[in-house]
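Please go over the structures that come below.
There are two complexes below, and they share chain A, which is joined by chain B in the first and by chain C in the second.
What follows is the complex of A and B.
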């Protein structure tokens, strides 16, 4: 496997004011310096750089680099968490601007940990990754009753639902949740992703999920693909 | 070979000596223990601080394991539905599996649990509030009493009653990094604080080190055979934190702890446990002079049991290795038997191995599979017989 490298966006200089340099922001996101990221993005906005440019040229390079490293286990949860936090600090500033430009989100994603299970660190990393990728997320937290998934999916007219389970004693609730979505007539309006330590592709197939994410990076890739696939329309 | 006394067998495995069969260690969580014990007509099934070893000994355990750390306080404590409980460590715990479920619904749900088969979902105790969030909290925090007779007296009784025959192991988990993130600080907060407020994290770890060192000294004075330190730093596919960070935060503190234990009893055996994949730090664990460590979750990151055994098997004894995530709860009897055979081939050959499922047996395992497990260990765990010939 190749060592992940910083992917410098092609032609970024043409999209930035004269003398502008994104390098410090790439490094800040990579190292998880959230305050620096906040200040740098604030400055970029005040300099009238477009929010989409700030996102693609400024924030993503450092974030993607750490994402790739996380995927290859070169960095682990703590480093990924601080990078995600820095990314979030930058995104919080430009999201309202993107919305004002009527930039359409990739899709609505409802996420949570299944009933009986209180583990949240994995799904919160997935949440941040999905948000950063452009999804709108409703995070229901942990120990989520199937009815709450159904309610939230209806309210949000969700495109995707993801549920996590970290215990061999709670993975069963992934199956139950899918069954309940089926009974409520919601199943075919959404794509379902599952994840969590004891889960496997075989388990995902067995319970009729649409995808299994081995890790957060995989989950985002899957979500991007699945959101394009055909589903029943919400009324 | 003549049948050995369980404690001699266990010690033999730790010293890589020739023994009659692979020693074994089964552990159960409360709901599972109650379920299996009924089959044997065993009614004394307490876990945690009231631990009664009848079922485990019936299944051929060679050691008695008694848990007194922060985990023992929380994971075995009965918490009524909808209520919370605050432990001696000032951590608040609630019960999962109950959101949106009334008492009545819960009773209905419990009726659906298959008595003979695997339970469908078991409500677990989980930390819901953590006592140390700032330097101020740390300053005002009082650690529990490491000489608490409530913790130490039962160990004395266990030694008196069982030590002639069985190996006595006291479990102090969770002890350091895990105790800090899972209980005292909260996981996400802990990882962020490692960067934002490293002194706070070091302060918490120092407090834990002091408490557990003193507790361990008191336990060692009772003449137990082994202290088990449990500290989860492995995730499914990798470590939770980098080996470098572990070497900075955990290794010197564990080193201090172990040397203090051994000042009390130089013959004391030490086990270091972590869930998940922690293969990158096995050389460090060997360096710390640890006698026994677990080969956890064979479904996770490092699956190469044979390779690990070949590399480190002369320097340390391994325990565990049978998958409890899929194989044991969801496999057929044949699959369970084949799993035990594999583990014996990978780890049992040549000695220096103690059989155990990768972790506790939970209520998701059927009675049938526990029996299959027991029989397979009887069949495949004898030295001089296939596959250990």
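What follows is the complex of A and C.
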């Protein structure tokens, strides 16, 4: 397998002011230094660099490098999480600016951890990656009752719903949530993705989910495919 | 050569081999001259404990610095030395491979008699009275056997009497013309026996842990321990860690019954074993105090634990529970009352309550932390008047599970690792290595960090890295997620393969130690306690005793405190149960404390994720890194 390398955006110098250097930011995101990232992005915004440029030329290279390493299992959750946190610090600053530019999103994704489960670490990585990929996310947080998934899906006219369960005692509620979505008549209007450490493809099949994300990278790939598939239309 | 001194080697079996040797020769060299095998793992450099001996007779040279480092002041004081470091100066007798004073790696019992009784008010609540009751004779007096006994003893029965007691009463009372011993617990009659049995008053304390169950048989009058027993929790076949066992019982009462039956069987078996060891009749056990984490507590009582496994993880009962042993199907001890200590909240169960009693943290003037390192770790922090607790789910990695070559602390497990230019491993029993146990894992990680094999990010260094000594670089293989570091080569191991520590193992360790450390960090943050404010950090639990504290600090499993502030308290949960067994004052105290202690739910805290990330990392060793300085 090829060792992932930093993909330097082509022609970034032409899009930045004279003497500007993104290198420290690439490294900071890669190594997960969120305060440094925050300060650097703030400075970039104040220097009038466009938000899309900050995102593509400044934040993504380091993040993608770690993402590639993550999917090759060169790094694991702890380091991915640290990078995700730094990415989040940068995104928080430029998201309002990006929103003002109003690009058409890939789809609406409602995400949460099932009832009875308070864990959100994996889920927050998935959230950031989906956001980066161009999805609009409604994150319901942890310990989410099936009714709240239903409600949020209706409000957002969601394309996808994803829920994770991190405990062997809570995976049961993934099944319950799908059953409730069915009863509420929402099931066929959305694609359902599940994930979490104790889950498997077999479990996903058993409870009738549309996809199972082994990890965050896999989840994003699946979301991209599933969003293209046919569903019942929202009224 | 002037061989004028006699060095006598004594084996553990008592075999003696005298050797004539010259003054100034090391014990090890003397042994080798006559082909006596002494393990010297480190090559006689004083860097391991392999050649540890005990001086039985004769003068011995002052300890070297290596003796002190390897054996510690206590052992040195007791006459233990390293054979490679110690030179003969007079006729001497030494014992080869003396037993480890830590007692090897068996399941850990509670406290010793003195510390159990220190500073507590004795009084188990169990009374035995030898009386001669009047046997009802006169037809005209309205009386009964039981009324005569109550009159004779002055007891005030408030609860119901057991049917078995009533059934045997007529015969017992008349056998020796009314001479009976009446046993009461807090005033209620437990048993009535023929003749005087007041000398026999016993009780048992149990800690039902996820991994192991251990018990202790005590004399209720003196508090003296008569027997101690322990075994692996036989529920383990239904899931090694707490959550998988809860999932097994979830929504399935049949499975709950299976789990419960195994716990009851184990406890019954241990009662029998302890009674045989101490030559005590099981009928003379009157009080049993049980502690255990919330899940074990519920399962033992047969309460559905389903909802303990789901947020907000609330138990069905927190208060202390008291019931006759027969109601729990503990038929071996028909006269006993079983008392469960109260639960604090969530996963901070009756075992934590026991540890709190044992360590007296509620009496402390200074801020202390009590850390129980287990599958489900617990952290208690505070001082008199203000205590907080949280549970930290570390998972079983620290017990060797989910680690490629992981194993329990048994013969052949690597327990100590030394790294300078190359690696030296010490195993339990000095046997060829077959795997690594939790304490070895921590030691290995700490020394791999120090030597640069492992980076602060948790990544193994590349095998081509030129900054590493060649012998260490040669032990690295693979890259990325497949990287591994060889601790013991196949030819030296007890298996046909290299004993390695893989990149994935390191990640598992990070998750486990991160859980424990984030529990400590979270309570520090909430209570606004700096590292300097912590007067002491006490390590409880069977596993805590075997951890090298310097290594635990070096990998940030524990708060980086000066090592003298970190102490071992052994199986404090069981010791607390023992205290509640011999002292009703202590048992009642637990009820109050359980309500006072503030429980923090880690997962429900917004800042948990940040703290967890911080806690998962290893300390940065490089300080010349500009980004690291500005980062977190």
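A few comments on the model shown:
The rule is simple: the second predicted complex is superposed on the first by the 233 of 235 C-alpha atoms of A that agree within 3 Å, B and C clash if a C-alpha of one lies under 4 Å from a C-alpha of the other, contacts with A are read in each partner's own complex, and residues count from 1 in each chain.
In this text, a contact is a pair of C-beta atoms (placed from the backbone, for glycine too) under 8 Å apart; a residue touches a chain by one contact, two chains touch by 3 or more.
Model, not experiment: these values are computed from the prediction.
Superposition of the two structures on chain A leads chain B and chain C into a clash. In the superposed model, A:179 lies in contact with neither chain B nor chain C.
In the superposition on chain A, A:145 makes contact with chain B only, while chain C stays out of contact range. Of the two partner chains placed by superposition, only chain C is touched by A:36; chain B is not.
Contact with both chain B and chain C is seen for A:76 once the two complexes are overlaid on the shared chain. Of the two partner chains placed around the shared chain by superposition, chain B is the only one that A:200 touches, whereas chain C remains out of contact. When the two complexes are overlaid on their common chain A, residue A:56 makes contact with neither chain B nor chain C.
Contacts of A:218 after superposition on the shared chain: neither chain B nor chain C is touched. Counting contacts as defined above, chain A residues 32, 73, 75-79, 81-82, 85, 115-118, 120-121, 124, 142-143, 167-170, 172-173 meet chain B in one complex and chain C in the other.
Chain C contributes residues 243-244, 246-247, 250-251, 306, 309-312, 457-459, 479-482, 504, 507, 510-511, 514, 601, 603-604, 609-610, 612-613, 616-617, 627-628, 630-632 to its touches with chain A in the complex. The part of chain A that touches chain B in the complex is made up of residues 32, 73, 75-79, 81-82, 85, 115-118, 120-121, 124, 142-145, 147-148, 167-170, 172-173, 176, 197-198, 200, 203, 214-215. Here chain A touches chain C in the complex through residues 1, 3, 24, 27-28, 31-36, 39, 69, 72-79, 81-82, 85, 115-121, 124, 142-143, 167-173, going by the rule given at the top.
By the touch criterion given at the top, residues 96-101, 119-124, 126, 187-188, 191-192, 194-195, 235-242, 245, 297, 299-301, 324-326, 329, 362-364 of chain B touch chain A in their complex.
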